[in-house]
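For reference, the structure discussed in these notes is given below.
Going by the order they are written in, the chains are A, B, C and D; count residues from 1 in each one.
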């Protein structure tokens, strides 16, 4: 408890001294001596925080993470962990190109009923023979913003960019062997030019490597050659972690499609609903309701399932913002069946990097059989995306059905004894 | 390891039998005997999952949560936890009405640099005397959707709703002593009517209690009295966990404002930037870039800070979607200073319920001094919201400054030796 | 041709001299002597323009407008008119509260087929017994923008506004006997505050009188009392002649609903279509297509009919922008019928002022029986709005049907001989 | 007045008989005998309408249009014209590639002050040496919508489209010598596929020829070869006459840029304003106001000038909807000057077809020197677009300045005697 620690300035300090200095404010939490082990630093910060706030942090302290990795690669001023309950749904039958079979899917959530409800959707999909899933690897984007003197310089600048696409490709691809240059898409007006770079980043979500590549392109090639200054390496035309039309139109990360045909017995047994009621809720809620609300999410709750999946598998939870966009369709087929689909145009996702190497997250990925293979670049993440598509579909089906069976059913019971007005069903 | 467990059907089964039945698929993960303790059930599921997927789950198993609570109130089919690294920033000086003083703020994230960067923003705010923060408690919403026969019935229906507001208030408030009825806002066209109910839910985020209240209002009052059927209890005009204009205009949860005046020395010392450069990035990125992108987020990265704060404090991470909306302003004041502000119109937040009672999250809330007091209804959450506002502001300042100091500075170095074109600064 | 004209400076000038001075550039087109009659001034400008551009303008010269009125109240630097072809559709059976009966509707357009197509829609509506139409008079809005020192002053300012609503009402209503104050709706963030004033402007579209009222309120009351400066009398939160979520949510001008139930024989005889095909086009085009496009218009072509109606009846054609917003619904009823409706939340409209007093426009209004009656304030414009709703519905029905009968029918012919895949109809 | 007319059925009918039959409702307005001359038919319809509605239509009757053309190519059930007052602004100095010089621009409007205000903007631009204008010819679009059985058929379908682009080009270009195929852009989800065809249509606005080309492509190539049915030839992903993100991102028609640098003396003399005030209004109104409103128009009033220009020159006034989108920038340059620009991404425009051949509109085009030349395909319309860009810029400058000089100035007067709080200018 009082072993001697050597500070940067080589003045031996006891752990207690360091805690005191944090508590007293002489030292900030990020100013602990560099030669402390990450574990020691975490303990010192925690102890100081406990004293300052008079709060025992024993649960936050309770974890099994590799602190060296976590504190260096994921979280500065590390003091411990938030523990997020993890449940499992499945088996979920996925009929993708990279994920083809039955999967148990770990979901980390604090929202009661989410796991149970999604699990019910998995059962319905399983009964229906599985969800067909396809994924397009749109690629990761970053859009530096530049300042010109006006339209004439802008046009010259864009011409230069177009003429030097090969140079841009060479330079950016040289910054990482995982990166493939795909495109530069410009947008310009007044004195402002955005260049939306798009890259295939293989199994990585790619935000960081793409930023580095753009930085090099801007600083070593574009600015020196054109004299047009870059104002910010990210000009919000990328656009990261904000809902936006550009990502809806052009995609970002993975673009995911999943679908299933549900027949009457499955609807009845697993979802306690009918084709007609499901289609009615789809029409009034996912279509008209989102239209009325001016929403960019024409779905019931992609964000819920996404957040639970993202936290379990080490994705960036702020990307749930982008993943909340998309369109659920539920269409009658024949008299009693429905075709149900989800469409997510903007899902950043990775099987390496970020939180994926953390100990619990790595286990969750292993449960899904997701492990990058250099021989099969990008396929681990495509597999992850396909499973995600199927589980989001499961979540949609179950919640949509809940609205019909709980609410419409009840409505029918209570109102329906003959006196229900003839129903002008849209379906 | 092989102790006898009594199943629902009173047939004694060993734990090993149960694992076998899960592995073999005879039993689903949610079908374990009810008389198993939650801990036992978790172990059995985990063991089965390990066998099925050939994946050791020892880290997921490593936690200190109260399993009874977690598995009943947060996460079905519980198998353990995702551990999310937690760091701390601060002290952050907050000048709110409910949070007034210096705070250390726990953030749970897997994104390298986020904590360090936000911490830098905290230092700048501290140096500037603190962030002024104000919060409006807009209230939680839920919007059932109804089907009428057309405009004439719709108008009668809406007239009925208007005439019975007192009845709706009485009934909905009777469903929870935490709930105060605020408003019903209708939106109607064709044969569809949305009623957006809005409630003050005190210290709870409120989604669940509001849903229950609406359910009662619909089923006991509105449908019986009007004969107009409710199609779904949530008609997406609420709108939950999707970006939407209605929430932008009307607000949802808390509407948060935070601001600070930064003078040249603070900008220079803590943020390595100048007023001019910050304002330039603000203009091209947060305003023009988001306009070009068709985004609803006119900010740098609210979602990042929000996600880390939400996970640490037990909020619903899917609500990051709504919290990503908003407008950052950075405006020159005098020759060398800037006024910086954030505005978040749509932040669902709670100090009780959901994930806030989990062991690590409870500790994080305690670090912030957030603990509900029945005598001061709603104030714990308002305090939480004020701290959130200040930390989001810190995150914005630091990232915005990073663009100027790293990128503009470098641009200046490389291009700037006299040949930089005269800068048409927007500021 | 060379009669003497007395200029402002009392130096007699011949008409020829004035033309010369315009042609030579010594005098601008708006600098003709004030004592010229409007007709003479128009002739002089036209003659000069003919010489300058070597273009005979005999058709532009050919009109029957009261030049005094047109040049003073509608169009400076008057040189003549644009002649827009006017056709008539009907009889259109309207079942509104203010327009109840059969109407012939003049439409001024240059787009071939628009009148014929809309006329077909009128026939279908007539056969179906007429369109039920209802209109809400939302009122006209104007939103000055103010600058404060930050959130604290903003909250004080908004409190002041709330406390002085009666004063604001009194002052604004004193500026015109046609104006009724309805509401001030604030929106604020950073150092910016918008106050969206909303007024009932009776039979006038109201933009001008509302602007004058706001000007008085700002300059005589708000600024002097609060010291908070108004930056612009219109802060684009009004919002005039731009598509915007705020108008979608809150409405502006008139909010119009029209609907009709069409049975199989009517669909077949007048629209050459079926319920199933119409509903299919509605689903893929008006709902999914507009969702995919990120559009605010979930309709086929409100703007076309609106533009033709607006030009014929003297409305402001730039308001077509706002009128293009809205939602068409076409829903199956029973096996062979459809319920069709239009919804326009944002239609500025007037029966007095603007272009309504021009000679041809006045005649078009008279054809519709629209003439303001001081005893029945606002009703003339409500009548106009109801007729507009019905004719827009007619236009939608006909165009939507055209897609099905021309295109689907052809598709059926060519593909349909047995080998058409079973149709996954959304309906 | 009672000369004998031969009806289709060869039964001689007097004009009076025909009027009677219209008035009595035995005959609809579009059912007059085909052998009537268009003039006679117009007179008969007008006379009937006068009787039915007891309204003299002498002004509507007063016109100089070629009735044969107008009634066949522009407006069915022709009865006369709406006369829209036309004024002229200028000279406007345009520095484009196709329009380089001084122009007088005819504007047809009923909104008082629009011409005078725009004229003031022209003076400021003239004084500043002219507006630099550039136009990109994005092309006209049409997006048929198709129905597939799901993602697998969709992918096959899109692959087919991609593989047959040359065939699509050949077929579509064969439908008109004015058409050049540019691109097919797909958007797909669920069972729905949109193909957004884009064509260069030369001097024509192109909507009709593009529709015909798509019809041929769909019916002769795509449907027969793929078996995938087209649900509607326009699937609203085009998107015509509705505000939409896709057009913002991808452009439609012409994409127009115009800009000017205004120095202090010009600002003072012509616009009665200062750089600082203009930039302040720009910031609070065009940027923050439109952001707050959820608008797609970040400008003061493009739609006003556009509507007046469109009506004068025979454009489709419903396209004002699309033209209302765009971004005005006003940025300080040095201490006292501003750089001002407009950007319109979505302006359908033509120099032939539609209303451009009408007699008054033809004259207005001639005033602008716009006349298509087969040798210089598309250049007449590009010239028209450049002039439009400059005049829209003139309109913006003048209105923006009006806000500052009238309102800010007055505010300054009344409040400003020393007690105005130090202004936190954004500029």
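Methods note: a residue touches a chain if its C-beta (ideal position, glycine included) is under 8 Å from a C-beta of that chain, and two chains touch if they have at least 3 such contacts.
No experiment lies behind these values; they were computed from the predicted model shown.
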item: Which of A-D and B-D has more C-beta contact pairs; value: A-D
item: Same or different residue numbers at the subunit A/subunit C copy interface, by half rule; value: same
item: Distance from subunit D to subunit A - Cα centre to Cα centre, in angstrom; value: 41
item: Centroid distance [mean C-alpha coordinates] between subunit D and subunit B, Å; value: 43
item: For subunit A, residues that touch 2 or more chains besides their own; value: 187, 189-192, 245-246, 248-249, 288, 290, 292, 294, 296, 327, 329, 331, 339, 424
item: Contact set on subunit B toward subunit C in their complex; value: 132-134, 150-152, 155, 187, 189-192, 245-246, 248-250, 257, 259, 294, 326-327, 329, 331, 339, 341, 343
item: Sites on subunit C touched by subunit A in the complex; value: 245, 248-249, 279, 287-288, 290-292, 294, 296, 298, 327, 329, 331-333, 339, 422, 424-427
